[in-house]
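These are the structures in question, set out in turn.
Common to both upcoming complexes is chain A, partnered first by chain B, then by chain C.
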Partner chain A sequence: MNLVVTPDRRRTKAEEALESAFRRIDAELPDLEREAAFARFAAQGLPHRRVEAYHFTDLRSMLASAPEPVGRPSPEAARDALGADVFAAVNPARAVFVDGWFVAALSDLTGLGDGVSVSTLAAALTAGETIDGLGARVAPGTAAETDPLVSLVCAFFSDGLVVRIADGAALARPLEIRHVATGTAASVFVRHFVEVGAGASATILESHESPEGSVVHAHTLVEASIGVKAAVTWVDRQRESHDGARFSTLAVAIGDHAKLDHTVATLGAKIARTQIFATLGAHADLATRGATLAKGRTHADATLVVEHTGPGATSRELYKSAVDDEATSVFQGRITVHKAAQQTDGRMGAHAVLLSDRAEAKAKPELEIFADDVACAHGATVAEIDETLKFYLMSRGIPADETERLLIHAFLGEVTDAIGDEAIRTAIEGEIDGWIDARGKTA
Partner chain B sequence: MLEIKNLHAEIENEGREILRGLDLTVKPGEVHAIMGPNGAGKSTLSHVLAGKPGYRVTDGSATLDGVDILDMDPALRAANGVFLAFQYPVEIPGVANMTFLKAALNAQRKARGEGEISTPDFMRLVRAEAGKLKISQDMLKRPVNVGFSGGEKKRNEILQMAILQPKLAILDETDSGLDIDALKVVSEGVNALRAPDRAFIVITHYQRLLDHIRPDVVHVLSKGRIVKTGGPELALELEAKGYADFVDAA
Partner chain C sequence: MAAVKETVDQVRAIDVDQYKYGFETDIESERARKGLGEDVVRFISAKKNEPEWMLEWRLDAYQRWLTMEEPTWARVNYPKIDFQDIYYYAAPKGTAGPKSLDEVDPELLKTYEKLGIPLREQAVLAGVEGAKVAVDAVFDSVSVVTTFREELSKHGIIFCSISEAMREHPELVKKYLGSVVPVTDNYYATLNSAVFSDGSFVWIPEGVRCPMELSTYFRINEKKTGQFERTLIIAEKGSYVSYLEGCTAPQRDENQLHAAVVELVAMEDAEIKYSTVQNWYPGDKDGKGGIYNFVTKRGDCRGDRSKISWTQVETGSAITWKYPSCILRGDDTKGEFYSIAVSNGRQQVDSGTKMIHLGKRTSSRIISKGISAGHSQNTYRGQVKVNRKAEGARSFTNCDSLLIGHDCGAHTVPYLESANPRAKVEHEATTSKISDDQLFYCISRGLGPEEAVALIVNGFVRDVLQQLPMEFAVEAQKLIGVSLEGSVG
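Moving on to the complex of A and B:
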């Protein structure tokens, strides 16, 4: 054990809990660079407001504690944890993780088509594969590498999925990576690798949930590479307990002429942070959209770091949040255009609607441009529900509460309407409408 | 039907009185035109009757069939039969016209204790009324008023009126921004809705609209009060002489 701990600072309870947990799991698992990852975390500790990337999401003060990681659930407990699947109508193949552990009995990985291989991370590593060989995107010098939440997953991961789609292959049906929880208080760390070959295509769904009232700190790291001319649709639905935390990172490299269409909907968690680190090759195309719905005294953060490294790529970021009660939404987006990335076309928008006087929304869009021939724009708005629109609808007989429902749905519609697959779109819209309908009712 | 007595209203944050003791009685089946110069309070009257936020009624009353409407929120007024055709209909991105129409109709039916309209009945109703107003299927599917021309927006207002079947329809400068053809379509739509149990208040600057929608009574509004009332001939007189005489008289 060669932990680097800054001596001049008392560690928080959460940091102490993480360190003691790491000492315990350390004995059971092969190294796999976990030591180095934990050292990276411990050197900085939990990020706080003086760390720029976490200025609005001060985890050092927000995270009062960190629950212990838990072991594999019993088959019965795992089965009981599995509620209705939000994507049931999509009829996807499924990899189910319960408390961070893959449960084969609940999964269905059939019918994925030729050229597609799926295994667990544990199986891949046991078979002698290396993290690097799996296509790690958390490489030295990258923004993801120094991120403390990323370091925690790299240090603690219990398991994950390894998905490989060969060049030119197509995922024959959507693959859902479903994360559920038994409800036992736990820190859960899952690490997935997705490699989409040149010219391949895939639809990947992520679903994250935990029972209301449970204290689950759910950490996920997805490292994905999308090959030349490949096309991927990715939809992530996050609905954690309002007493829990959700920390998600997608680190993705989008190859030349490749396309990623990504949507994330965040509806729960006391503290949520969704981060995307994306690099775009020449003529790559990234669209990422987010719908964040925050209520109670919760905090939801969406942070994007988009790097245009090759010429002629397009990126579209649209993040919308509806913030009620005393909740806070945060959007941070940085588009960096490297010197070689001429003819970059980047557009980023972050828009929040505040549904109560005490709700807050913070937005920090940034552009960092080193090329001279680019078209980049960003915009951010924070507003209340438009009284003019509300009056118009009410003047036709629609009551005030129904008017708000229609307008919130419409506001977030810009995010969901762009989901091409109807069954997936309907699933996400259903989640959002459920949240809107529950407004004002006690949880 | 509509009884307005000594109505005083001001703009909330400015404290500026716009309506200064306005009296107006509209009987079922009648069409009343309200004309007047800019700043007379025409739009304020329509907004106060529909319940738009931002105005404060400081005195007087307005009752519809004996029921005071000024204490009701806009939705309840609508359910009680008040309809305002907006001078500037707003665009509502993300809410399909059809969804909006159905939500409005069902909300009003619910408020009146009636059941929801069935989808086939609703579709039939909308298709029939939209056809009369030359409103395409595409306009019905698009978000409310988004990308509509000025004329299309006004036609869409009349479509809402036709579907909601109000007791009292207030048309706030519905002719503004309309070319002759659109004016005809809109006027025909309004005329088709004239009925013994329905009244109209038509607010306009110009006589032109009243060639198409023949009023029973014409009022001149100036400085927040009705200063002259007459028959359709009054509109012609105004057109010929302007408002100056009446404004001075006020």
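Moving on to the complex of A and C:
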């Protein structure tokens, strides 16, 4: 083991747990990179507030421990783990992962259309493919490559999905990658690869959940590449246990003239961090929107790193959070415009509404610009629900609590309204409204 | 319009990377040994005839500094500073406490004449009848002269060098020094606490509105010296003061260090307006030489309804690392930050502000305009933090960046933290280049490309220039024109 451990620092319990877990994992999947990835993680340890990218999300002090990864669940346990089917009306194809393990019996990968191949990462690697050969990779030298959460997934992953859509092909129906948990306390690591060929199109849904009360630390890493002129719609919903943690990373390279429309809804987890690392080619188009709903004593972080590398690309980021009880929401967004990326049009908005006296919101919208012919802007606000709007509605006879519900719904509506597919939009809106309705009902 | 014309003329009159204040004055000086050690701290303290408590304060700071690490989070790159290759004290000989200007070395007076600083009290700025500016001039490590003292003392105002204040008003210095910027605040502030040699001290008594602008002019003249000045301004209940600060240095190939600390204290209903025109030598066009400007400036709105306003025009220095901040401690206090940061050549600027809202109904306003040209990097870094108890706090930030040329960078890094739902925090930022439409419009009306740029830039920074006292606004406008010289084409 060529682990690098900084001698001048005592490791935290969580770091020790991760290290001993790593020494013990009996990975089914061959991969020589695991050692290197863990060494990368061990060298820096869990990130803390003096690491700029984790300034507001100090994992070293927040993560008291890290549960052990667990083995494959029994077929019965796997079946019982499936909860309500949020995307039922969408009728998507499905790949189901329980505690990080692919369960074929629960999955339905039929009717995906010509030119589409889906297999598990385990199958791909056993068939002799290599991680490097899988195409879509976290670009070396980028912020994603050195990210400690990314390193952890690379070191520990149990399985994942490999999705390939050939040039010009279209995914015939949406594909849902669904992650559920049996409720056993566990650290779960899943790594997916998605490659969308030139001119291809696809709708991909990601869903993450764990039973309320369970302590699951769910880590996912998606490495995606979107080919020239391809168009992808991506919707991610996360509803983890309020005692668990969710760490997800999407590293995506968007090719020239390609388009990605991305929405993420975060409704659970005690500690949530959603990271997006996007690289845009010439005339690429990225829209990413997020709705974060945080309650109890939770912490939800949305971090974006958007790199414009080619000219003429457009990016639109809109992240909104409703923060209740003693929760904290964090938004960190960075648009970097490289020297070659002239005529970049970038716009980022981050807005938080504080619903209780002890709620907190932190935002750091960054612009980093090296090209002169650009139009970039960002805006950020933090406040409570506008009293004048409340007054307006109440003066028309709407009760106070209904007024708040309406206004929170409207506030987050800007995020969900942009989802083109009605069935998907309705599903996400339903989740959000459920959260709003439950406000105040549970302590 | 007239001012814009002036800017344009100024731009025309000066060649590319000609730093107007780059001359060096040949004055005999007395220096401490090179490098830093306890003996140097003792030497400086002894030179200043300081009381024992002050020496202890310095030694304590020095010991703490030894245990600290240089901060690296700012977006600036520079070779490691050799802190043993710097003279920490340099004083023009024979200027230990001049009784009047006649005792001051005529070379020194000439220097200030060249700089356009009126040290003679009868000198009134041209064109502005009746305007008076009291000046404290700091040359290398010591304050050489403070003007208009008698008139100020009639109002009970104390305006003198800080070494003098230590001797004559030790109770005030003891009470406030380090109360806003603690000794261990940051690496450079701690270094400053150990070795600061001089600076200005201002105390405005209760209810007094300072009848004239107070001003300090800093000049680094000696080779291989660092300038570590310390400014302390206290505005008692209901008082008002406007303070200006200007800086220049000779043109040299080596980098020189400037690590100052400025502390402002505003009591109930008091107002302090602090304006800076920073024009240290920025280095030549290839990035050789120039001043490292690592400054800690902070104001404490200690009393209710007090107000502190920072205005800065940053055109000089090879590297700027500076965040004038306000701690809005009292209820209903106000903090303002208006900034123009112009970078050209190989300059690197990482500057912004911090507004810490602690009191109820506190408000802050941040307007920052960054202009980058040449190969420079210009970063705005600002923090707005609303404490849980800051009911009804308001904060508004607007930072705009303008890029001129293909090789520069403009960056915006705001940190917003709110822990009170009744607080409203807003931030907006834009980055763009001068639009072709605007340029075309100006050029079609007969302006040359550089004139057109100067005109548009002056429009871009207008919001901030308006906040400067008039005499400074004119100077600032000229400076901006000069700094951008050579950036078009």
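Assume the second predicted complex is superposed on the first by the 435 of 443 C-alpha atoms of A that agree within 3 Å, B and C clash if a C-alpha of one lies under 4 Å from a C-alpha of the other, contacts with A are read in each partner's own complex, and residues count from 1 in each chain.
Basically, contacts are C-beta pairs under 8 Å (C-beta built on N, C-alpha and C of every residue); 3 or more make two chains touch, one makes a residue touch a chain.
As the structure is a prediction and not an experimental result, all values here were calculated from the model.
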First (chain B), second (chain C), both or neither touched by A:Ala400: first
Chain B versus chain C as contact partner of A:Cys376, first or second or both or neither: second
First (chain B), second (chain C), both or neither touched by A:Ala361: second
First (chain B), second (chain C), both or neither touched by A:Glu414: first
Touching partner for A:Ala438 - first (chain B), second (chain C), both, neither: neither
Partner chain in contact with A:Phe391 - chain B first, chain C second, else both or neither: first
Partner with the higher number of touched chain A residues, chain C or chain B: C
Residue ranges of chain B in contact with chain A within the complex: 50-53, 73-75, 77-79, 83-84, 86, 89-90, 92-95, 99-100, 103-105, 107-108, 111, 143, 160, 164
Of all residues in chain A, those that touch chain B in their complex: 387-389, 391-400, 402-403, 406-407, 409-411, 413-414, 417
In the complex with chain C, residue positions of chain A that touch it: 52, 55-56, 339, 352, 354-384
Residues of chain C that touch chain A when the two form their complex: 73, 386, 388, 401, 403-433
